[in-house]
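First chain written, first letter: the chains are A, B, C, D, E and F, and each begins at residue 1.
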Amino acid sequence: MTDPATPDAAAREAKRARLYERYNNTALDSGQRIQGEFFLRLVEEYDELDQEWTEGWLTWIYDLQYNRGILDEKTRILPIVGYCVILDDQGQLPNHMRAAMRAGATPREILEIILQSAIYAGMPRMVRAMRTYRTFMRDLGLLELTEPVFRGDAREP
Amino acid sequence: MTDPATPDAAAREAKRARLYERYNNTALDSGQRIQGEFFLRLVEEYDELDQEWTEGWLTWIYDLQYNRGILDEKTRILPIVGYCVILDDQGQLPNHMRAAMRAGATPREILEIILQSAIYAGMPRMVRAMRTYRTFMRDLGLLELTEPVFRGDAREP
Amino acid sequence: MTDPATPDAAAREAKRARLYERYNNTALDSGQRIQGEFFLRLVEEYDELDQEWTEGWLTWIYDLQYNRGILDEKTRILPIVGYCVILDDQGQLPNHMRAAMRAGATPREILEIILQSAIYAGMPRMVRAMRTYRTFMRDLGLLELTEPVFRGDAREP
Amino acid sequence: MTDPATPDAAAREAKRARLYERYNNTALDSGQRIQGEFFLRLVEEYDELDQEWTEGWLTWIYDLQYNRGILDEKTRILPIVGYCVILDDQGQLPNHMRAAMRAGATPREILEIILQSAIYAGMPRMVRAMRTYRTFMRDLGLLELTEPVFRGDAREP
Amino acid sequence: MTDPATPDAAAREAKRARLYERYNNTALDSGQRIQGEFFLRLVEEYDELDQEWTEGWLTWIYDLQYNRGILDEKTRILPIVGYCVILDDQGQLPNHMRAAMRAGATPREILEIILQSAIYAGMPRMVRAMRTYRTFMRDLGLLELTEPVFRGDAREP
Amino acid sequence: MTDPATPDAAAREAKRARLYERYNNTALDSGQRIQGEFFLRLVEEYDELDQEWTEGWLTWIYDLQYNRGILDEKTRILPIVGYCVILDDQGQLPNHMRAAMRAGATPREILEIILQSAIYAGMPRMVRAMRTYRTFMRDLGLLELTEPVFRGDAREP
């Protein structure tokens, strides 16, 4: 838990307030609920580049698409974890794994989505996703991993 | 319902029996339960090409992967509908939409998966999937569609 | 030129009026100006599936993105012709070629975009786009083509 | 074998002669040796669009790349069959399967390339390639296929 | 500006002279004009691997394709920036953004190409390109960026 | 050569023995013969996540697919090197290059596969593969490379 009394926390609160003055508040609420600070960082980056585009993007995705209520959140987000594997998006994969867990998915269910995606996307992309999963779940303290004994380097003698 | 007394039905039963003598029966059961005749046609096609490969493929996917029970069937299959959009697989898309419905998904939920996939896969692939969805659901009698009045042909004068 | 006195034209006008009552008018104006009936057909198809989604999509793409005025229309649309090659979208390719011509691009410039895309997307996708280009420009009466003498069928004896 | 005395054959010879006057002859020789009429059709199509580009393309691929002699022809062409699967190019797949056979590959070896590609490209693209293989080899009289008894249509009742 | 009196500059001049002795000079001129040292580094790398291939590649792309004069340079290069987004090529993206600027494109126009590409390529690839754009333009002193206050790490507590 | 008397070697032998007790031994033999420690590392990683899936995966790929004997090993593996280029898999590329060399391919033949793949996959992916090839072959002592004199950085003044 970050301490709201630190200077960093104050800077975050000030920035958050400025974003709320400027952009679609339903979208900002939804984005934070689903994706936390990962989302706010993205808004911050687009905000410096183009405010008109940022407002349109927030409204289209975080107000409209992510709030339609037709699928429950877990069922809506788990496919996105699989899309990250198929599209080889190792940067967004932790974000969507975390969002899936916030919506009630277990690490075991997320792993299942990754493993089964190999049928459709091929093994190489799944191998990369499996490694992102291992590191991410270990960092969150949700997976205990032993130190690998094989280097796995094709340069071995 | 096909009538088992017709000659076609007899040919199907004979072929089905031969496949059961030759291949992993758990896989054949699962494949039919999930994908119906679409699955049997595929087995039939591979069977004529390579029986060793066919047995390995059936065991890997239809015995092992599709029977693990970690995700409920609806949650397991809905992402595959989205993978068809992202990988632009209009041939398998009706198969996996049908499988999702056998597992309890509604046409509305399937449409939602297709519509949201545009965020990750871009609009052009989603447009093709939307058209496959329209035709498929109309053919199943689950969607009433009016005859379009605009031709949508870029060759219009 | 379609004759507005025909029953078809009347049906089109009635449908168009209903769409204008229902959706973002700036978006509908922009879509027709840029893409003609191809656009209206797409709106018609989405309209039958989900009106909330349709309004959001129209606002995001045809009101906001296609109206920003940062690039002139020809410079904005020519890359999209190339994206169709790279993403292998033979369905949208004629639409965006036509839109590029409405914005002032010549058939020769469009061909150049297609030919150069092979550097980035590989030859196979470019071959398909080249054939779509040939057919489309011939149908519009902008390219005179002789009947090919070679069948180009890998089944030749 | 086509009969050179027929009018069609005369048209082909005349067109071939014009192409030889205009373009890199080593490239034209190589292209025909490797890909037969499929290649000549492609040259014919590009020739009508842009002669400068056509000469550059012929020199780059059919004179230089396809004539380097570093890999034997069978080893050089079999990977291209696999690339067609991975890139989902059902149009070029028969062409490269035929070229591989001209270079000594057997239908069984070509099938093996297709089957193994699923590990890397996923099942859906391999299924399409498998069907193209079946039709192509049957049309060449190299594979005996029985009429499938299962429709494989996801619309079955 | 690098100082030609330094030893590094002398090494560069010597290497450049050797490349001019060996390869298509029109191609070398065009490559440097369009892409600067990025291009020379690439020639240097291929030169050590295969000189025949290098000459063919230079002639095909930098002599022929990049010198046809059918599209003005800005209109020719801006689509390539978009192709880098769609093909997820973060390595070549700065090179082609720089080439577009040499041809007269503004950072604002380049950003517009990147933002609009999300419609066709999906958001995840555009997010990566947006971040490459930010870093690149900041490094060139063309974009002032504040230090982000949100970490954007899905591992946040 | 690693020294079997070191503690690391002892840990490796102990882990290897545990994997042999648990999984398909033909698959483990094949995997090591073809891919060495790279393979064992992968087994180790999957083993910690899901033993049922790991056994199925080993049987499907390393027992069945990699042991069919229809193509000789060199002809079977060289296309996979090309698939890594087309699928942009810089992580598996060294592994499959090494496997191709174990099966008798020369560095020159592997380079040829990479260079020719640009025709099908486009230049950007080939450039990345070329750089992976350079580094890998230099690290193995099979390619002598001079220090590049051009920085190749699009940020040059």
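Here are a few things to note about the model shown:
The rule is simple: contacts are C-beta pairs under 8 Å (C-beta built on N, C-alpha and C of every residue); 3 or more make two chains touch, one makes a residue touch a chain.
Being a predicted model, the structure only gives us computed values, none of them experimental.
Interface of chain A with chain E: the two copies contact each other largely through different residue positions, with under half of all numbers used appearing on both sides.
Should one ask which of C-F and C-D has more C-beta pairs in contact, the pair is C-D.
Most remote chain with respect to chain E, judged by CA-atom centres, is B. By residue number, over half of the contacts seen at B-E repeat in one listed pair from E-F, A-C or C-F, namely C-F.
Remark: chain C and chain E have CA centroids separated by 29 Å (rounded to whole angstrom). Chain A and chain D have centres, each the mean of its CA atoms, that are 43 Å apart. Annotation: 34 Å between the Cα-based centres of chain B and chain F.
For chain F, residues touching at least two other chains, in rising order: 53, 61, 65, 68, 83, 87-88, 115, 119-124. Residue ranges of chain D in contact with chain A, taken from their complex: 118-124. The residues of chain F lying in touch with chain B in their complex are 52-53, 56-57, 59-60, 64-65, 68.
Of all residues in chain C, those touching chain E in their complex are 61, 65, 68, 70-71, 74-76, 78-83, 86-87, 108-109, 112-113, 115-117, 119-121. Put simply, chain B touches chain D in their complex at residues 1-2, 8, 11-12, 15, 35-38, 40-42, 44-46, 48-50, 53, 61, 83-84, 87-89, 91-92, 94-95, 97-98, 136, 139-140. Within the complex formed with chain D, the chain C residues making contact are 88, 111, 115, 122-125, 127-128, 130-131, 133-134, 145-146, 148-157.
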